[in-house]
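Let me give you the structure first, and then I'll get to my questions.
Order of writing sets the labels: A, B, C, D and E. Residues in every chain begin at 1.
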Amino acid sequence: MPDGATVKTAMLEVSDLQAFYGESHVLHGVNLEVRQGEVVTLLGRNGAGKTTTMRSIMGIVGKRTGSIRFQGQELIGMAPHRIPRLGIGYVPEERGIFASLNVEENLTLPPVVKDGGMTVQQIYELFPNLQGRGSTQGTRLSGGEQQMLAIARILRTGATMILLDEPTEGLAPVIIEQIGVAVRKLKQRGFTVLLVEQNFRFAATIADRHYMMEEGRVMDMIPNNQLAANMEKLHTYLGV
Amino acid sequence: MASDVILETRGLTKEFRGFVAVRDVSLRVKRGSIHALIGPNGAGKTTVFNLLTKFLQPSNGNILFNGRDITAVKPADVARLGIIRSFQISAVFPNLSVLENVRVGLQRPLGNSFHFWKSESVLDRLNGRAMELLEDVGLAGYAHRPAAELPYGRKRALEIATTLALEPEMLLLDEPMAGMGHEDIDRIAALIKRVSANRTILMVEHNLSVVSNLSDWITVLARGEVLAEGPYAEVSRHPKVREAYMGSGHA
Amino acid sequence: MATETHAVRRETAAPATGRPAMPGLLALAVLLLVLIAAPYVLYPVFVMKVLCFALFACAFNLLIGFAGLLSFGHAAFFGGAAYITAHTVKVWGLPPELGILLGTAFAATLGLAFGALAIRRQGIYFAMITLALSQMVFFMALQLKFTGGEDGIQAVPRGHLFGVIDLSQSMAMYYTVLAVFLFGFAVIWRTVHSPFGQVLKAIRENEPRAISLGYRTDHYKLMAFVLSATLAGLAGGTKAIVFQLATLTDVQWQMSGAVVLMSLLGGIGTLFGPVVGAALVVTLENYLAASNLPVPVVIGVIFVACVLLFRRGIVGEIAARFGGNRP
Amino acid sequence: QQGKVSGDVVKIGVLNDRSGLYADLGGEGSVVAVRMAVEEVGGKILGKPIEVIAADHQNKPDIGSNLSREWIDRDGVDVIVDVPNSGVALAVQEVTREKKKIFLMQGPATSRLTGDACSPTGFHWAYDTRALAVGTGQAIVKEGGKSWFFLTADYAFGHQLETDTAAQVKKASGTVVGAVRAPLNTADFSSFLLQAQSSGAQVIGLANAGGDTITSIKQASEFGLTQSGQQKLAGLLIFLSDVHALGLQVAQDLVLTTGFYWDMDDEKRAWSEKYKAKTGKMPTMVQAGSYSSVKHYLKAIEAAGTDDGPTVAAKMKEMPVNDMFAKNGKILPNGRMVHDMYLARVKKPSESKGPWDYYQIIRTIPGDEAFATMAESGCKLPG
Amino acid sequence: MSTIFGIPPQALFGQLLLGLINGSFYALLSLGLAVIFGMLNVINFAHGALYMLGAFVAWLLLTTAGIGYWWALLLAPLVVGAFGVLLEKTLLSRLYKLDHLYGLLLTFGLALIVEGAFRHFYGVSGQPYPIPDLLRGGQNLGFMFLPNYRGWVVVASLVVCLATWYAIERTKLGAYLRAATENPVLVQAFGINVPLMITATYGFGVALAGLAGVLAAPIYQVSPLMGSNLIIVVFAVVVIGGMGSILGAVLTGYGLGLLEGLTKVFYPEASNIVVFVIMAVVLLIKPAGLFGRER
């Protein structure tokens, strides 16, 4: 897509993605690319289609057309439960902590899909809040703790590409910092991250590139180092 | 002066099967103020809200509203005393129209809510006031749409309009800005400021710029206990608060 | 948005805005004309049966369609009232109007007791609790002396309405039943479009929110339950006078199932649906009785078809197809 | 009105349970039996065709009463046959009384149908609770079963059966040592059977019907109640179809009263074989009774020259009933058809020569003993 | 003391034992219901009909193919389970996005169809099914005669209930099942084949009903109505136990069997309603049921 200097291989390529919820047409041709080891954000106002893009990748929207290729493999048409097994982990916006499972069960629920995931011990180091809460019912955790749990359980699976939908929503600043640290660590370890954020300041501290979405389309791509030069655009897209 | 304090808790404690989520919290909310409750995740803010509105029963301690002990009062009756809450997760009546949503709030004080023999047209006289309220939150244009169709931020606004319909003496707002875009945040912040003129507001919010702009008084909770109290400037300098909550970014 | 996605939206609950609109009034006028003319064209006893069940179904529908509560035990109110009416008229010698009144009052009392228990739980639990409670009434009806066990109470005299109108005359009986039905229907109509109905809808939509606004939701649900039970009792008492009997059939759980079917077939949450559904089911039962088809199988197939194919029911489908404003 | 056939057709409506608890003892079999009677007279009477229609009342009195009303008002039905389930029969009795149509009852048990609820055009044919009580109660005491314990279905029918039978037992100077009331449709009788067992009574009377009877007999056998030889089970209301369903292994040695058994004389055997060829089963007393009553009804039309209800009813009561079902049966003014009843014992598997060879008749109970007299019945019709 | 409330203790033990046997059926059936409800959020009104189907399959195997009890014990649940899988795949699976009440209504319709069809073809007086030779006869326990077969029923149901409880509450598979109940889409997004799991669960729950049916066949008459009477009591059992826990369903099943047994001794007229009375009382004191989780 950009300057031809594709040093690293494209891990995820989305082209002309259209998605529908029942009769409503939500994505109108999304194009984007995430390279191995990158942290890329999707920015946009409420309802721009960021979550829908992620759900499309995971194969859990009603209907989608176009092409989504992960490490060369086409995901459209694949049974939804096979997609994560390729090594894609998804942390949903609504967190999706299970009430009928305790914290430990929640943590160990997603099956390990690849070697190299974090151990439970490493996870507790990253999120000390979770330590000792193993037998608490999952949804009895506070909102922020639930968010940590939702991220943590994906880190265990060894997924190499992680989709994070608004991981900082409703989190205290300290925790946001921690999550920033965690994402940077993931990046160092070679994980690829696609991140949806409202919190633009946070995004700027960790991402390599930003895609701007509006009304179901990708409008623009801004590398992180050119952010300052593009503040005007950001204003129009996000109203920052 | 006692009448200065509208809501007071004494030694409020909530224990969940051995886990103490709220420990010995004593709050004093001044009449007419905007009081913010902040703290790290899991500090017990939502739990305090649930205790105040009686969605949870305290394990220990008392709650006083206008000097009256409301510790044993039922949730609906707490609301009738004039304490109305919003939810951390948006709460509207999805299949009622926006106007009807507000009218549900306006209708209650009328005392005709059990009148199954009357025509609902008796509710029409509420429409004027309802439209005013919608106007206030910028929803007048949506009055006849089902609430389900509103975008997220507008739903929060609708929720606030419905809440205001009851002319509550005291408003409890749980993360009113969560999940909102920037424009909406500003709009709602302005609204909160406006409505606070003649009522008391207690709110939980993580967005520190909102907190710092709006609130007169801040209580910081951590691990279920009160860590610090005071105006924003003071609290934000508190080293423990910085360590436990704000982090290095908010110097 | 995200928080909204897994809140299940009840299919049947469409925005019922405004007050009775033109199509509704029109439908009402047509219905009225049809009902006034019916006994001259159709077999009057049959139409009376339809009317009794239509009222029963409407009463049931008030609860599920407008309060979101599925009762699987409404037979208890219908049948219970039928027994009381039959007994008071036959054994105590009360005039029919008093008998029906007593039966209805009994249903209301029973509704208060059952409702107080059942509204402590929601959804499926509510359905199962009402079912179990109504089973209790069934066993009582079976074992108590005055109900006559399997035989039921037979040969109940129709008597004279207000001491003057001889109800053994088919037409007199018919128009009496029609009046009762219209009264019940009007009560339901009014309830749905009343301040109370508005709160009920709000509770159905989001109960915690309604509580936080200061509504004691349990009281509203209980009130709706009692209203529904009372009207079901009115239907049952009237039926006892029409057929001159009250039997176990009226209190069996299959009766509760039948009334669910009527509402579902006609359209849950619509005002006219239950009337249409009742007419269809009663016709069908009559027709099937004379055929060689196994009745339960046919009824079961219709049930399944309704649930899978037209959940909105006949009236619901029509309303949805011809413009938004439901009658 | 006199001297002609209404609607130029004699319409017979068989109204019974075609899918429920009583479908096997009546059901389609009753319709077949009625058709056999119609065929025997050549399908015509007084030169007019005879038509048979059938419907399922689903054991619901309101459906029964509604259907019979419609049949009579709209379809010109002249006579209603069978109607098992006392509740439905009582409802239909009201309708036929009002409409002055003939009602030939086979399936229902309660003797109220010829007692306080009797009708001038209602006929009760095969059996009734009183005959069962006399048959089983008195006859068994005479056979040596002196002390009784009742296992009673806890509703009106069961209570009546218990009281009637207990009265007969005492009349024959037997004793009743106890009773237990089991709710209707009990799935497990073992508790009650245990109580019956420990009572030490010689005879355990089953004052119940249908599924309850079957289950209680089956479980009695499981708990070895009768194997010891000290206790006997007496079924107060048991049909051949029930015994067939239970199988001899379980039902053996059960004592019961019946109004008909196919294997008693050549005439019965011949008719029953013909019936079996059509249905694959031997007839119950209800099915045989349906045949008998319709046959008698048609004879009465022939004799009266009209199908007018009251006229035919009077004629029926004048003529003795003589066919394969009953010899010299007579009909009381209350509609009770009085004929001999039989006390039977269910054979052991080793005694049975093949399918349907189930009963050994151990005593004949003369009709006058079995059924109540007009005076005893409590019927208010002019004698 | 030679009597307890006027009943000799011996007789009382006997009655308690009998109660336990009935409780075995309640437990097996409410377990199946709880499993299905837990995973699919469907109140399986057809449960009674499928229990009946289990008994009928055993009877058909015996009468048409000469296949005896022990094979039937294995085959009938498989057949019923397969039928359940078919139902789930073709009908129930279309309802998951809707209010749970539709599942209740659908299965209610299915129950009518299955029961009606069997009534139509086999009548209602029912068919006899012999006790297997191995379990004929009984033990004289001194205070009562315990048929061997009933003893076997208690043992078999206990084993099945415990095994099921363990599988659901203590294994990984169970955790998947519970999670999928709440948010199937997300569990799918973790790489688990949820539709398959749901189908299998329904098949399993229904097979439990089938198994109960086979166990019941030699005790009760194999009749089309055997399930419809039982099922409402089992519903009550489930309400009393609270739907939250599998163990609750099982324990309540046995417990109510015992209580009902006692009622049959002290006040037999009430034995049909005792379960419902208990239900009312429990609801008053603990609305979520004895073992239910609040919300």
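Heads up, the rule we're going with is that a contact is a pair of C-beta atoms (placed from the backbone, for glycine too) under 8 Å apart; a residue touches a chain by one contact, two chains touch by 3 or more.
The shown structure was predicted, so the numbers you read here are calculated from the model rather than taken from an experiment.
Novice: Listed by label, which chains are in contact with chain A and with chain C?
Specialist: Where chain A and chain C share a partner, that partner set is B, E.
Novice: Of the other chains, whose C-alpha centre is the longest way from the centre of chain A?
Specialist: D
Novice: Rounded to the nearest whole Å, what is the centre-to-centre distance of chain D and chain E, using the mean of the C-alpha atoms as each centre?
Specialist: 37
Novice: Need the CA-centroid distance for the pair chain B / chain E, whole Å please.
Specialist: 48
Novice: Go ahead and note the Å separation of the Cα centroids belonging to chain A and chain B.
Specialist: That gives a centre separation of 31 Å.
Novice: Give, as an integer number of Å, the spacing between the C-alpha centres of chain E and chain A.
Specialist: Averaging C-alpha atoms per chain gives centres 44 Å apart.
Novice: Chain C: which residues touch two or more other chains?
Specialist: In chain C, 1-3, 6, 139, 143, 294-296 touch at least two other chains.
Novice: Two or more other chains touching the same residue: where does that happen in chain D?
Specialist: 19, 154, 183-184
Novice: Quick check on chain A: which residues sit in contact with 2+ other chains?
Specialist: Within chain A, the residues that touch at least two other chains are 46-47, 92.
Novice: Provide the residue numbers of chain D that touch chain C in the complex, in ascending order.
Specialist: 19, 53-63, 65-67, 69-70, 73-74, 85-87, 90-91, 94, 110, 112, 117, 154-159, 183-184
Novice: For the complex, give me every residue of chain B touching chain A.
Specialist: So the residues of chain B in touch with chain A come to 16, 19, 38-44, 46, 88, 151-153, 175, 178-184, 206, 208, 243-250.
Novice: Chain C touches which residues of chain B in the complex?
Specialist: Residues 53, 55, 74-77, 79-80, 84-87, 89-97, 100, 103-105, 107-108, 110, 112-123, 144, 146, 148, 151-152, 162-163, 166, 179.
Novice: Across the complex, what residues on chain C touch chain B?
Specialist: Against chain B, chain C makes touches at 1-4, 7, 9, 13-15, 17, 19, 187, 190-191, 193-199, 201-202, 205-206, 208-217, 219-220, 223, 227.
Novice: Within the complex, which stretch of chain E touches chain C?
Specialist: 37, 41, 43, 91, 94-95, 97-102, 104-106, 108-117, 119-120, 183, 232, 235-236, 238-239, 243, 269, 272-273, 275-277, 279-280, 283-284, 287-288
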